[in-house]
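Next come two complexes, and both contain subunit A; in the first it sits with subunit B, in the second with subunit C.
Showing the complex of A and B:
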């Protein structure tokens, strides 16, 4: 053969092989059986390009309509195709859309609960028998059978195959088509928005039913949009925070649906990654932070005897940045490209082309939130520094106000680092700078440092205000003054300081210097000291008290249980060796939900029941409140307690599925799937239990008993004003003066206070201007 | 209840014990006070004479406050101390000259003889083998370098209906995994061995893989890396 002809034929052969490799889907055809994701769509095309009609498939043993959970013996056989040789005669793959197959002999093996195929031994037959356990749901079940009629020569040529589809009816028919999760999410968000709008309109209607028209509604809306009153802005923060608490909850429910069983197909991986990213971002930045700001706006000026915040317009700007930031953060969802980086947004993935396009808007929204939080920090610190009532020194401030001061100081000192990181990422994603471009020398660990320098204090920013709430609620409920006021303040300040030197424990497996990891292990352990002081002080406050059980008392006691459990589980992570196993598992998920839900959210619930009468002038219903506590507390623990064990046995977080042990590989035990189902059921119950609170708030707003100025017998200034308080909250010309039951120390500046006062310009002197 | 590996079983058990003690103490206290110091039905006594607009009389006890400052401090110092020892298993130096207790890299034909010393709580070996791991979106690539097939072999296996890489290792052998990433950050988690460490692009990280038991288990990715993160898995087969 001529060389030219040889080269030409070789080229043609290579091209044909290349085309075949590209066109041929990933189907495995092995002596040990056929399977793979492509077989359902493309068939056994390695045996032949197209199916052969003369290969006649028979499926015996399936009923026309199945009985739920009944077992049927099913025989798959075929005739036609190449002559049967007795060795390597054929193979099959049987897939069902429901139920489970059970293998009866060595000729068949299971590929998945609802998929079986032949084994190497089964390759010598053309008839196979299995058992099918019908599903319990009663819907129609589809079956797809593929068979290979093989000539036994060991090669694929001359083989033939065919496909056979059948449906077995269920008592409930075909059922509904599965819903697109994005459609479900968008619908639920829109319904939530509509319900919120109706509630707001109803609120307007209740203010004066006789003037329910646009001419009165427009100025009413304009008043809310332009208000600078701290109480109204506080209410706006509440509305936003509760709305996004619901949205974050919806996202959590969709995540739990996906994880209710292994290998569920409710959401795709892509959607799952977006949903857990938005769940974290929403809950931290759009729900928890606004709720804190809602309480801080409402209560701090009232507690320190100030008519408003020091910078009311800045306060309004801080709020209005939030809904627009939320719109940016959610922009990607409605285009199907929601941010998919996790709330931690690790580099370099966050700047990679693989990340969703929605990440850019997500980052832009976060930058706006950084601006909002910074302005809020300036405002509250200024207010507390200059607007405290006469007689209220730093060490006479109510503990809730102290908690807001510590939280804002932490935020003020940490959030610039996050802002810098976000701007770098934004520039990398938009104008191709190279802060995190590895090829250009970018450093992914820089982002981790910037993020966690902010991220860990941020967790304390969210929990410390709850400490303040619990201090107020427990002391008032026990009819006592708080035990160890000074050590409570020092403990909060201690937490605020320690927060900045522990963040490295989030990076124990990051490749960070071992020396730094070791130092961080020591510092992280220290967190237990101030938090321990706080818990023991709360308990001692109850000693000798006279606890009056109200709903806010129940939530405060519940907080003590769940937060202590969260604190204990938190002590496992600083131990680096155990962290090497527990990092990024469900043990972590359990821990931070015990702290952030059992701590922060339970603290907020206590605060709502405690201060709602002050804010609205109406008492909440105690029976509904108790029902809310009992249902939410039990179901909450049902969600997060089992997650500890799941994490220990090897269930990773942020994954769309989980793997159960098979004959070949050890993974999670089968009972892990049962616990996941239990968790999902509890999650739905917990989600719906919180509607009792919403209903209670709405019903009480209309029909609740009128609240007195001081329904619980508290001592701080907010209980001095009417319920609800007037605007301005205190008369500028008649500001309250704090008395002190400890007269011997009242109004005596400490040594630090005296030193600080020397730095200040005396009030009777004017500053010299140059 | 032990953790998943003897690497820090004792540590885990001691942590669980102390957690139970702290929990019993705190919840016992809470339970008692919640039901003992309660108001009678319909009464709201004012124990400390709380009054609106008056900072309450301070209620404290320096000795008690100091006690529950010191008690958690002592406990965490102790927990830090006992957390120290297993670190030697994770961070042992890669040469015996530097104090590493897995010796030096094995010469051809030399046996690692990995064993767990119950007395010291440490793994010890005469020498160690080296293999490589590289993370890609979204699969793992193993490199056995020049190790014999008995010590390290790479193939594929089917897990959950998909072809996945499989690495076969020899039991009772200490391995040093030298790791990097081709794209974004990943983290190989040898679940049954209880160890993980991030792999980063253009940066080499290492971790000791102490293959002591004969078993087949999964290696998962535990640093979120994008679309197929959940399915970025591999099989690990430790044979006799």
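Showing the complex of A and C:
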């Protein structure tokens, strides 16, 4: 099939999907009476706090067992309560779990298909009649009736109310209970693990189909478990990162299932807390960070002309800490007591006995991840400082390597604060120290400071490598060098420095010092400057280049759009007044998903399409790649764009559900439910569209075209090795040398560099220098 | 199978043949991570908000066993390291320096942040919570004349620095003071070990003895440090009567026996007694005690880590395996050891004197 045809077809398919997504929430609008359920849980409490038993409710006209789709005339009446005074007498609310009500007269109005209540006129009666059309499914139907008996004085005092529940049997008995979300999650994780195992075994089978037996499998597995080669460890990081990207995605899908409609009962608030905690932790620490490390492991030594990382065994250690940390973090899921603190783990809740017991394990796992990140940081900073090829000065390093340098510097200077905070929490929860015990004088704000001192650089740690990827991809695709290399480097360094003085904007509403708030507001707005420099440099690179549209180019262009949008929505938060309104709403969720998914994950996608040929020696399928880009990009925006609007109207995040018709102050307008359904549909489409990528990677590994050493026309060192590169990546005795166009060594150390070098290296060691 | 080296089969368990350069396969990262996870799991299971559950002690021990086993593999692979393969920096400004030396410096940067965070916590609580001495000096509660005073039997939440006990007499301070000198001295001995290991024109046996003895004395000083710390925390000691210098016989009680425990919410310092009424002021000093034990304990853990490393290095020196070619690995350890020493120089005044 021609490329053009495929693109046309996928465009048509996408337009159809988009139309379907727009239409589906409308046709699907809320089958089970949404509104009254606020009343179901809280009662008619405007008429007095507690129900009164003397109000006696009668419901006539309902059968013992209904016939499917038959119409019944139902009469609701009551006796008791205060005496009628002639003006207003009473009111009612009738809710059914199935079927539909139809209104017979002006005393009754419909709130939802399966919920009716009295009208203003109906207030004068103590008996109401309505028709109920039984559902066709034949399952048992629950009814909940609330009545209030009023004394007609126009005020609420002296009124009484009561509630009455009944069940009408259906021919098929009770319906299925919704599954326990933890069971669903655990099952899905186990299935994913099995699929991963099968894939790995298939991978081994493909290496040599003739020797598929244990005798060959065991050493093959042992080699992967013990490897210290940077490329193999990079691959291990990818396996872990992509697996947990899937697990985090499953968590997200379950959350979206719960939020698809208002007042859904799939996930309770308690379980929801665990779900979003695990979603955040998994995505940041077990998916994004390993994927960064995967690329860094693979590409950085190749780009700087180093045979391996500086400390290969330490590198293996930083990897292996991660899967075991993941095991600890997920122990809670299988015990039903997963951490429920949010990824921020705010004190004092995190040290309180009220938090789930799984929090201790979550903290333990995080401590291991901190150790892993610290070791990674040490390893990469050392590698980049000491193992650059001759002629490659700091300002000759490719931008991806620079981005990893900045990211690791930020990470490893900030993460010890988080580690210390975690150890304090771990000790608080185990041997009962009192770092965050308010009664003993502990200060929860201290935790916030320690956490966000790490947490804010951390979000730059996951975005800056994506900057590096985009710089590489756009320059190569535009067939020119990057515009403004120096300003790109300085901008990244600037982001790295500013990262440490902006974290207070996460704490605007925490009661921190107002002066500090003001300063943080200014510094946070400052972040837009280096980021803007990068965006404009990328645009200028495109402007001066002649663009080749490959899949990685598409993702990089998509990144430009979504990351800029995420950056703009981010500029609302430094403004303290805006932040006070928007914090803890879906606007925040929309913002950080725009930068973390639209920024980081899109950057990863670009990187996967860009470097996959280098890593495997096989080209990825461009058609599938284009399809993946089109579906994922459109559905991704469908998920997060509407969230801005939901946030502005005040839909709270970290809350398991929302209401649209109660008088509660958190109630949302009815269209919020439509948008949430739309978001959920898009979320599922986005989730499944990424399987195109997985399929593409697996299929191309077997059937893909053989990749040349430099398929895209890149000119950094990694394209000068074979695809896949040999081990060690460069010959220890014949390391590459970076030369300029005149065959001169590109960089000689400056006077400061020479002076520093003389300072650092004792004279008796100088003969070993190159 | 690693294919970089056909005649050298990878040995994930055994000693490496370092002449072939990196990378080498190794089981120790995998097992080390596993051991750490098991230990953390066991610790959390054995203590729950101070409730001790001894049934999970075997889990902790299993974890430590796995950690020890993996370190054994790590060292077994390293013991054959003779300095032949020690990557040298190619990039400016570090050209010519051993890669691992730079790595050690970078590592110390992150260690600096660990202690910075601990000291931040200290400053927050030291300055943010009222000192117990100040509360005591306000005098006893009286609804009219002294509404902010303390009451008999009602624990006041306040900050009680350990120095109130430790710096109360020379003998109380003695373990900490001796420790300070022990650490400074050990920094000297480790440098001497390096000096003799690097000395080019030294007889092999003389080198072995010098390096081994200096490393062993570093080890002894480090162990002395931890021992005295345990004495100071848990044991206490006895001061005999030496009449001609005016010393009378008395016991120095350990911090824990004084009631200065990690979660003391009814702590009573012996000087917090109202002279007029004889009433005691009790204090909730959990935060300050936690801070003291965790910060000095973190430093102690670094010393303990150093001892573990020193054990291996002393063993290697005893086998006579240090030569001028690989002597620089003593320097890597020395950098770390100086850092631990330096941290103590900060911890000591903040937690013991002031």
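Everything below uses one rule, namely that the second predicted complex is superposed on the first by the 567 of 770 C-alpha atoms of A that agree within 3 Å, B and C clash if a C-alpha of one lies under 4 Å from a C-alpha of the other, contacts with A are read in each partner's own complex, and residues count from 1 in each chain.
Going forward, a residue touches a chain if its C-beta (ideal position, glycine included) is under 8 Å from a C-beta of that chain, and two chains touch if they have at least 3 such contacts.
Values in this document were obtained by computation on a predicted structure and should not be read as measured data.
Asker: Clash or fit: subunit B and subunit C on subunit A?
Answerer: After superposition on subunit A, which the two structures share, subunit B sits beside subunit C with no clash.
Asker: Touch test for A:528: subunit B only (first), subunit C only (second), both, or neither?
Answerer: The answer is first: A:528 touches subunit B but not subunit C.
Asker: Using the touch definition from the top, say if A:348 reaches subunit B (first), subunit C (second), both or neither.
Answerer: After superposition on chain A, A:348 lies in contact with subunit B alone.
Asker: Quick one: is A:426 in contact with subunit B, with subunit C, with both, or with neither? Answer first, second, both or neither.
Answerer: After superposition on chain A, A:426 lies in contact with subunit C alone.
Asker: In the overlaid three-chain picture, which partner chain does A:547 touch, first (subunit B) or second (subunit C), both, or neither?
Answerer: Touch partner of A:547: subunit B, not subunit C.
Asker: When the two structures are overlaid on chain A, which partner does A:52 contact: first (subunit B), second (subunit C), both, or neither?
Answerer: It touches nothing on subunit B or subunit C.
Asker: Taking the superposition as given, does A:127 touch the first partner, subunit B, the second, subunit C, both, or neither?
Answerer: A:127: touches no partner chain.
Asker: Does the superposition put A:652 against subunit B (first), subunit C (second), both, or neither?
Answerer: A:652 sits against subunit B, while subunit C stays out of touch.
Asker: With the two complexes overlaid on chain A, what is the closest approach of subunit B to subunit C, counting only CA atoms, in Å?
Answerer: Least C-alpha distance after superposition: 12 Å.
Asker: Take the contacts of subunit A with subunit B and those with subunit C, and give the residues found in both.
Answerer: Residues common to the subunit A contacts of subunit C and of subunit B are 392, listed in rising order.
Asker: Subunit C touches which residues of subunit A in the complex?
Answerer: Residues 219-220, 222-223, 225-230, 304, 307-308, 310-313, 316-317, 319-321, 323-325, 327-328, 331, 353, 357, 360-361, 364, 367-368, 371, 374, 377-379, 381-382, 384-390, 392-393, 412-417, 419-421, 423-424, 426-435, 437, 439-443, 446, 449-450, 726-728, 732, 735, 747, 749, 752-754, 756-757, 760-761, 765-766, 768-770.
Asker: For subunit B, which residues count as touching subunit A in their complex?
Answerer: On the subunit B side, the touching residues are 3-5, 7-8, 11-12, 15, 19, 22-23, 26-27, 29-30, 33-34, 37-39, 43-61, 64-65, 68-69, 71-73, 75-77, 79-80, 83, 86-87, 89-91, 137, 157-163, 183-185, 187, 189, 191-192, 194-198, 200-203, 205, 215-218, 220, 222-231, 233, 235.
Asker: Across the complex, what residues on subunit C touch subunit A?
Answerer: 1-4, 10, 12, 21-30, 32-34, 36-37, 40-41, 43-44, 46-50, 74, 87-97, 99-100, 102-103, 106-107, 109-111, 113-114, 116-118, 120-121, 124-125, 128-129, 157-159, 262-263, 265, 284, 286-287, 290-291, 293-294, 298
Asker: Could you pull out which subunit A residues touch subunit B in their complex?
Answerer: Per the stated touch rule, the residues are 26, 28, 35-37, 111-112, 115, 263, 269-270, 272-273, 340-342, 344, 346-349, 352, 354-355, 391-392, 396, 438, 444-445, 476, 478-487, 509-511, 514, 518, 521-522, 525-526, 528-529, 532-533, 535-537, 539-549, 557, 560-561, 564-565, 568-569, 571-572, 574-578, 580-581, 583-585, 648-650, 652, 654-657, 659, 662, 664-667, 709-710, 713-717, 719-720, 736-742, 746.
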